[in-house]
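Structure incoming, see below.
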């Protein structure tokens, strides 16, 4: 602030933007939102590990978008003459698989599927869990009883049976596998959301809005959801590794992604046949999963600090 | 005026003894267990109906003629209305009879008694492993939050978390069994030890000790150690993560400062005071992860040729052996409910406030 | 290679195999590979093969000799003397009578192997009859090629069970089925010690076996799903034989002097078939085009290496009437021409259903790749075996990719499934016939198949099957691609492990270490 | 009075974070004899941090600096962590604000008290129990046996606070720091707790640092008062002379309080002067 | 009823009258009576204080009146009309409440703007921008605070926002649950002054709950002392100051508020 005068004009524009973003007295809803986002970004930036996580995920997204540019081969382009080429072979950066397909290119294209799994699961299970948990927690009484019993049933159900049955019913395929995962993944979120709601429901700010005559629906969606969101988001990011792996596990059983889709889990699953002599076929996609999980995990831990409203108070 | 209705319902119930109160509590618990179980069964039953797998075909095989097929269809009672079938099924289940598995040609209950101990053994050793290493690792990570210890533990846990178990399993086998020869191979025992100890619990580790067969015990240990530690790796990753976050929460509590004010060593503060409180939420976490392991892990079981519940259930499901699936589901459901009750009970033991 | 030691004792044979398909140990019920392997060692039949020379064909076993009546319908077997069951009971013609009647009466899936000769529960009292302790008389409804009948008598359905033992466990007229599903009552080289489904079965040698005294006192067959796991066990010497090694693992152990690999052609045929209900796929040019779009050699040389051999007829090699012609090869240009002729110069979209077994999925992916080169856009529908079969049997698919194994060691088994369809109507439900499943109406071929099965002259009969197959190759909506070649990894000190080739199942009593 | 028990010079406490450094305590100097000294000030003025800094209980990201922290001739800053542990509890104790959070919820009360004793005295469990029961009696708990076997949640707030005091006094410290020990308590219970502390201080001749934000209470309870604002001492005086305090901040606080006996229309509002932030800290030696 | 009658009645009746209020918590075996037979009345424009120690049931009375607790019996009259267990929308326009802890009573994720506009949206009131700005000015905050989040405000500022929120629907009665007990003395003075001003300007009726006798003495006309769910004494502030209170419990409270008295 004090040495602003020394800067050249463009920097002043930047710093005035920064001033606009960091002001204590925003002038509009939009600015308020932006300052909020900027604060989040700043705390993310000040947390190197979370930043690494964030960058990994940005990279994942970029790779998914620019897959055709990054890939050196088509994802399902076979070359039986060059099968199981080790990493570093001519034209095969990470080696090739049992059909002579380029593993690097498959991983690059596979990022799209991984991204799809991540997005779809994140858009279903937590949302459903949030809905069930908050409604049960807020309404209490018999809705709570019924909803929690149902949650218990799904929780007590062998997850694999549930997922398998679901996939079996709808047919194999990555979309159905994702739905199946969501179906088995929502109960824990419902429990978290309910526990959170139980503590929020008696908060003074909820009493306050009740006293303004707000209905249950409005309170749940407008007041309780924003509060449950952070713990759910954190949990989702931390669960991501597990979710990608569950998809891979379904792939192992032949119920996940269908060939020749370069789904990472399916690639590992297929590559395990060659693990003893051609380690790279299974290990390369494994490392890809590891890096993405790491990214989510680091980001999740960072988000925990950033999103925690308690953290904001001090 | 308005209150008249309210007054009537608000009459305080009086004169019930503590015994009655406990009885009522027990009934509630029982009712909720039964509700959950029936719900479980109903969903399982529905699954059996919506699966596009033909249970009859599963029995008679792909080359069966029409007549053979029809005979099997009738013998399964598939011609009766759904609700009747469910009723028959419920009736059987509550008498402990899950029917005959079509895949193994024996009573499902026998099958479960055979496969479950294998899973129980594996899951228990894995959980012990996960707790024994996971809790201290979580504590250390929390105490050194943000330091290299924390990061190292995180990476270690995460690696286990992100590599599919079939990768880890095969690598583990290759290295520890194939190359180093430190552990026994796939299977629960070396084959020529098979059937040498009388089956009592079905868990070889236990049975061999009962029979006093130390050789067999060590052989079983050498076989279980790898799959159990790999499975345990997963619970370790989860448990250490949760321990860390619970621990971080406890370490900011005032009573920790009180303990330090007293002049207690850091060791006592962390391992006695903080950990004591961490155990409370941790019990639920451990119970949940144990319950998950008890469902059986197909992937591990396949890689390690471990004849457990996970493989049994998966095979049954994929071949529409619905008796077996339902039996397995009920068992898993019961385990889950049982573990929940048990963790509630432990909760009360550990947390005086919950008593 | 890591150091390894043969760790199994000298008189115990440990086999790693996938045995999760065993759902019953009752020979008159079982119909699965692993189950047949079991029964082959625990039971004996009237007629069987010599494990040391399978190509000789069927020969006397429990039946010392037999005679066939003039009209070719009455078979009179003389039962070998002095053979005892494991229970100690003597094996007589009455046991044979009981066993064959049991197969008919139980009416389980494989019973058609016998009932195709006209035996029914109603007539079996007279058609299957022991006239004394050593004589069994069997009367068929028509004249059949004797080789056909006797070949069928070598299959598991005809194994002789201990009638006294089984009858004592009979419940509600179930022919002792419930008991025999999990127990044994045989006279074979081995008796059952224990069967743990999906885990293992253990056999003990029968020291009084009439053929020879088995060298292996005990045989343990362990269910090991993964090829890599089997390989590790084999390398460490914890198993003597590994039966499901992938080509990569076979290649991986090939340099290991402690280990050896045996190759043996089996009966299974890998094929694709096109549903003739489909308007596109029923066009002859399309059918032919697809046959030129399979990269036979490419697959054989790559991922199928050693496990499947290119084979383009429905009878497995080593069967009577085998056909070695391979008229088709991978030829995109030719296929494109055919497709243009058919009116699809730019190809079309099509679904291939396939079960989720690795090699099939791999083949499917290769097909997906090569079909695409002619503009045919393939989507793969993967599912569990039961799911895919369900669709196949319901005739609800476009292209099916799968394998077919013969039911009994006679050419009729595959001719009947691939080249016979008496009634193509949906209601006919000829579920056992692949021609029907593919809605392929073939009155002429059906008649030819019918004729071949009655031909008593073996040479003539063989030629008839060659003719049928040639016609089939040309016009059928089936593209047979490969025949199974089993590669068995074994410890070098194990010898005499006979997998049974295309015609029968494995023998353990010939094994020595 | 007498020779100071504790001398603190130029004590500073800072909290570092990525973006900024918070100075919680900014160079205060004071000493404590065998007397009751009160520290008052508004929320966030650094009272608690002062207390904790003396016991070296501030951990990362906090940082403590001082020219001198001399306790009974011992330079606390130069002690190793182990030596410091011997001081904590044994020679200097700290009573925490809220018994609800300051007692370990899963340990029996008696055990927690006994633990405080056994850390510093090699003694048998029985001996520790005996001392704990004595101590509970000393803080006027009527049924010490029962309370000994209770868990923190089973005792009331007032009782919890007395347990806390018993726990901190059992090793017989020479200096007791009480950080708002009564603010969570009802007025009636508060009196009793104060009486206990008062009595123990007078009987044992130990020093007491009484941290509070209640001016009324401090002026009636303590011997001397230190008034803190923004991490500094703005004024110090004898407790009974508080009403005559000179600093505008202190005066403002006094004026802002409503009184039962002297009603007024409007309360006077404290006008904060930015200058106060810049003023030098006042030394509060005996 | 004729409108003239209503006007007349309003002159006569109390703004808030409570008779024999019993409040319960929990169900069945765990049912607990937190308030027992509480009766008092607050005249229109009056300021009534409820004092008592922690757990004596003060907040419970307020929450029952405001409709946050539904398990009660007795009579609650607002401007002469008995109210039901279910409150209608109009009710919220007559009675509003300010909570004890300003840190907990504002939604941490909502801007001040949203917090203040929400009641307007709920009741379909127009001119929202103008009203929000006016409310902020009324409580002495100024419009620059409008788009801040609670964490950007001090405790006193938050309490001002909470007061502004309670005034958005222009109620006649304000229930104040220890509005200053979480604040420093200096801030407390500001808030108490603000409340006094508002009462005067908007002709509000206050029911103030606190455990600080000095605060009630400063703010209220009449006070009731509660102990263990019951009102032990009702008196005017004058009486409290001059005459000795009758109930020993009240006396103890009074004595304790004088500061420490050595034994």
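Observations on the structure shown:
First chain written, first letter: the chains are A, B, C, D and E, and each begins at residue 1.
Rule of thumb we're sticking to: a residue touches a chain if its C-beta (ideal position, glycine included) is under 8 Å from a C-beta of that chain, and two chains touch if they have at least 3 such contacts.
In UniProt terms the chains read A, B = ABC transporter permease; D = ABC transporter ATP-binding protein; E = Glutathione import ATP-binding protein GsiA.
Computed from a prediction, not measured in an experiment: that's the story for all the values here.
Chain B has the C-alpha centroid lying closest to the overall centroid of all protein C-alpha atoms shown. Set against one another, A-E and A-B show the most C-beta pairs in contact at A-B. Per-chain Cα centroids separate chain A (ABC transporter permease) from chain D by 48 Å. Centres computed as Cα averages put chain B (ABC transporter permease) at a distance of 52 Å from chain E. The distance from the centre of chain C to the centre of chain E, each centre being the mean of the chain's C-alpha atoms, comes to 87 Å.
Multi-chain contact residues of chain C (touching two or more other chains): 226, 228, 232, 384, 387.
Across the assembly, chain E contributes no residue that touches 2 or more other chains. Those residues of chain A (ABC transporter permease) in touch with two or more other chains are numbered 168, 171, 253, 272, 275-276. Listing the residues of chain E that touch chain D in their complex gives 53-54, 155, 184-186, 188-190, 192-193, 196, 211, 213-215, 217-218, 237, 240-241, 252-254, 256-263.
By the touch criterion given at the top, residues 76, 78, 80, 83-84, 98-100, 168, 171-172, 253-255, 258-260, 270, 272-278 of chain A (ABC transporter permease) touch chain C in their complex. The part of chain D that touches chain B (ABC transporter permease) in the complex is made up of residues 52, 55, 57, 81, 85-90, 93-94, 96-98, 101-107, 115-116, 119-120, 151, 153-154, 164, 167-168, 171. Looking at the complex, you find that chain D touches chain E at residues 42-43, 157, 186-188, 190-191, 194-195, 198-199, 213, 215-217, 219-221, 252-253, 256-261, 263-270.
The touching residues of chain C, counted against chain B (ABC transporter permease) in their complex, run 2-3, 7-9, 12, 14, 20, 23-25, 31-32, 107-112, 178, 181-182, 193-194, 196-200, 202, 220, 222-226, 228-229, 232-233, 235-236, 238-239, 384-387, 389-390, 393, 407, 429, 431-432.
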